[in-house]
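Order of writing sets the labels: A, B, C and D. Residues in every chain begin at 1.
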Amino acid sequence: MSSTFGHLFRVTTFGESHGAAVGVLVDGMPPGLNVDADAVQIELDRRRPGQSAITTQRQEADRVEILSGVFEGVSLGTPITMLVRNTDQRSKDYEALKEVFRPGHADYVYFEKYGVRDHRGGGRSSGRETVGRVAAGALAKGALATVGVSLVGGTVRVGSVVASGRDWEQVELNPVRCPDADAARLMQAAIERARDDRDSLGGVVEVVARGVPAGWGDPTMDKLDARLGAAMLSIPATKGVEIGGGFAMTERRGSETNDVFDGKPQQMARAKGGTEVRAIEGRHDPCICPRVVPVAEAMMALTLMDAWLRQRALRGREK
Amino acid sequence: MSSTFGHLFRVTTFGESHGAAVGVLVDGMPPGLNVDADAVQIELDRRRPGQSAITTQRQEADRVEILSGVFEGVSLGTPITMLVRNTDQRSKDYEALKEVFRPGHADYVYFEKYGVRDHRGGGRSSGRETVGRVAAGALAKGALATVGVSLVGGTVRVGSVVASGRDWEQVELNPVRCPDADAARLMQAAIERARDDRDSLGGVVEVVARGVPAGWGDPTMDKLDARLGAAMLSIPATKGVEIGGGFAMTERRGSETNDVFDGKPQQMARAKGGTEVRAIEGRHDPCICPRVVPVAEAMMALTLMDAWLRQRALRGREK
Amino acid sequence: MSSTFGHLFRVTTFGESHGAAVGVLVDGMPPGLNVDADAVQIELDRRRPGQSAITTQRQEADRVEILSGVFEGVSLGTPITMLVRNTDQRSKDYEALKEVFRPGHADYVYFEKYGVRDHRGGGRSSGRETVGRVAAGALAKGALATVGVSLVGGTVRVGSVVASGRDWEQVELNPVRCPDADAARLMQAAIERARDDRDSLGGVVEVVARGVPAGWGDPTMDKLDARLGAAMLSIPATKGVEIGGGFAMTERRGSETNDVFDGKPQQMARAKGGTEVRAIEGRHDPCICPRVVPVAEAMMALTLMDAWLRQRALRGREK
Amino acid sequence: MSSTFGHLFRVTTFGESHGAAVGVLVDGMPPGLNVDADAVQIELDRRRPGQSAITTQRQEADRVEILSGVFEGVSLGTPITMLVRNTDQRSKDYEALKEVFRPGHADYVYFEKYGVRDHRGGGRSSGRETVGRVAAGALAKGALATVGVSLVGGTVRVGSVVASGRDWEQVELNPVRCPDADAARLMQAAIERARDDRDSLGGVVEVVARGVPAGWGDPTMDKLDARLGAAMLSIPATKGVEIGGGFAMTERRGSETNDVFDGKPQQMARAKGGTEVRAIEGRHDPCICPRVVPVAEAMMALTLMDAWLRQRALRGREK
């Protein structure tokens, strides 16, 4: 079940990087919406390797074929399966990897998990798996647009170069996809230096959603922040995620962020309209961290427990 | 469904902060394991308010009652429901909140989402909802211990005070639950200053799992990192999560972290034992960020699409 | 996960027949609907043992307590947990069963499945588990009534006595809950004879839904018929289910039932209103059974495969 | 989500009868098992139209292509997607159906549900959707065989002709797939008469699983009987299902079937081996039907409630 994302808009990717194809099955697309294969292709082209000197030179046309769920350009409300054939696999490049596990890759844990693996490239752990995500995302973007929700995103940090501006129109105008043209040039230079050293650089990507109505989120376990966190951390090589102010909020007091504490007079929205200034009496924690510790341990324990039982289902044994 | 965490060890919390009770239903506990109500109580006592001068003075005994799924101290493999009655609610403190929405709280979005709310405290958005998580986590910890997996956690930052040491034995010896005794004193002082100013401070909590076998994680959408991220970001007031090296990795080149790039000779584990030094030829991205942008947008779009459809199911209308 | 029914209106029952309590957690109740504890109690009273001479004499008041999700008589949209304490358990009646497995009960398979069991009564396999279902059903009935959907049900066969009439007003007027007053008297007599012989009788229950809009069902795997079938076969001791005409349809040709074949002129609804008589040319099976055989085998194989993997997750081993 | 069956062995079919392809995505196949494309093809050939004079003359080669999840004939533990291209669609046969709804077909409810439909044949409601089920079933059969579980099935009734014998070797030797050679001839004659009248006949299919270990089933909501019932009733045109003795059990007393009542001395298995004869004292219902009525109503209400909320998610409005 680990290849599936979402409950009502359920997206399952499939395919190994060096198998016949990669793709995605989308179940839950509302019926009667335009599904434009060209719009899917545009997003795939943004993801495609070989776009510029600073991406991998693997060349794949990545032409999408829509196999089901669409009739005369309109969604039927039934599962939409989209397929991209693998063409430029050069599996022989990987033949030498049959007997070794690459450091920093999933090779070893795959073997430990499954007891068998497709050694030709990363299999499912390859970035190529994201083809299906991007194709499904194109459908989601199109559907969200019908209710006024749109997304922008860009690279806001590479190595030690940090973007200061957020001019989203810039993103597709530079190969780094940075919303700050000046920073983009510095980032590009840094990446080229790393490439020439046969090395690589990490960075930070920022995504912004506009027009999301209040109330779309759910509370508690499956709150929107948690789902966004899972969404982002499921992307290969991602190691951190921040929502809103993120870690920087740690530096600020509650009275500055309005996030935790009451007691000081604050401006409040009235249910019937307008605002008023009022102090709330209540009993609150001046720092919640000590009491979060057992909660964080609990959540990690729940996560690992689920992982353990999944592995038992998969392999049929302890370990 | 938003109150549920996990698939095979499925944990659903219930209860409002000012209703009759809070609790949890755990489905999927393997049968034949010891379930010790005292062990659950110990964890709840760690989470309990009123433990020290630096936590809220709300006093709740938080006595847990196990209603099902356990017979003679052993799990039956059937759903385990655990209940904690609310006793010190002081709902009248909140009567004044009936007509206003507190800033920085979930009051307003709850009303937008549900069209109705329990104005007495946060309802489900209250930290009190975590009682059920901690009770379930105690069961998970006990079960994980039978296969050699254990957890430790602590507060590693409060405001601008950062712990440098990691002496986990210290955690329960200071009220901040910090694994660094010196930092703990500074943290406590900072919290007391904020409290005296009727203000509050944020911080960072760190959790470490020991003894997790390679292979428990799943790949792609539901990978272990993604689930841990969701687990942590589902905790009230959490705004960021880092796995392993986290954001600091951005500062380092791939050759230092072994995370992205190949081409330089590296030491590799051999499937049949031993290691060898080898350079891998392949085609890779010197910086993956430009190509991550469309993937991150896609993942956000998938998340919002699911949220939208959930809200339609809940309310039966657009918006 | 086997105690859960439904996806968006997710109902999980809990509790053993001789434990502290039985109950249910309902997640997905739309907010803003009246939740009447009395309406829940009325349904529980219909299910309660000891109602008449022809039901078990176990006496349980079965008073329901609503623990969460309801505020001032209105649903909050959050999980609703309902609890019924067990009071008249007479567990000592069952002490003798510790070392034996009753024939025709779940005792043996429980032990094989879990390796441990609560020998006092059936545990989760007891009819007492249905307390939670009926409480949740009362909420569902109330919610469905707001969109004009209502249900009636009754006993339409006991042993060889078959009801011919369907006067649903009769159902609560006789202890057999038969919608045919004459048949009810014969059924009651037959049951009393069986009881006096220390024996028992089976029968058939019929349920009718009124006002269900066209289009609520889903197609294929999770079609409404399949879900109703699962719903009914999940009731203890149920061994068959028929939808609509059921097995009697086997006796009739397609031209009488309009279910399978085309080619003869038939009256058809026009999308734009009105009807027309037309023959459809197409290629169809004069009897679909030969081709259903591999499909039925496939569906049984899928079911068993899932059961196998669940058991591996539960017990962590083959077999 | 309605195209998915199973939780741990999760099978999702896709494709319309007159679209580009039909197929299936199987998530949860254990790794390291042989996956034989030929074995899949053999099952598809059994399902294929045009096999004999008594099946539809639509001719489709139905060649399966395995796109993912298999490497060198062995399952990788990752999603397996299988594809069958549609070739002999003759969509023009259906052009006339654009403006009318065929009686006894899903045409009308599809239009009510989705507001849009592929009028060329049944779309997802076509029997062609079962191609994906059979392909997935072939994988399941192969996996189950590794733990000694096997399946047989056949047609045991056509119209009023009932098979008396169960010689499963006969099934593939006659076009009706009947395990009774004499009955098969009568069935075939009856089908040919119906076909010559441009009419059709219904029937009953029986499937038997061998070697299933005690304990694979789950209790309560998701019990094995319920899942099998859902599995069978999800097959197009199926209107009834019986487990074990089925409706015929209604004719017999509990003492004959051991299914309900205690009080008479019975032979019981001892946990420590051997048997003993004992009477169990307890309090039981001489006929459970009156108390099943509210439970059956509850289960139908839960089913409809879930269907309602799904439709709200799909269409974003009431009705």
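Everything below uses one rule, namely that contacts are C-beta pairs under 8 Å (C-beta built on N, C-alpha and C of every residue); 3 or more make two chains touch, one makes a residue touch a chain.
Fair warning: this is a prediction, and the values are worked out from it, not measured in the lab.
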Intersection of contact partners for subunit B and subunit D: A, C
At the place where copies subunit A and subunit C touch, is the share of residue numbers found on both sides over half (same) or under half (different)? same
Per Cα centroids, the chain farthest from subunit D: B
Here subunit C maps onto subunit D under a C-alpha rotation whose angle in degrees, rounded to the nearest 5, is 180
Where subunit C and subunit D are represented by their mean Cα positions, the distance between them in whole Å: 19
Taking each chain's centre as its mean C-alpha position, how far apart are subunit A and subunit C in Å? 41
Whole-Å separation of chain centres (CA-atom averages), subunit A against subunit D: 37
Interface hub residues of subunit C, defined as touching at least two other chains: 1, 3-4, 7-8, 12-13, 28, 30, 78, 113-114, 124, 219, 309-310, 313-316, 318
Chain contact topology (line, ring, star, complete or other): complete
Help me check something: in the complex, which residues belonging to subunit A touch subunit D? 1, 3-4, 7-8, 10, 12-16, 19-23, 25, 27-28, 30-32, 65-71, 74-81, 83, 113-118, 123-124, 313-316
Mind pulling up the subunit C residues that touch subunit A in the complex? 7-8, 78, 219, 309-310, 312-318
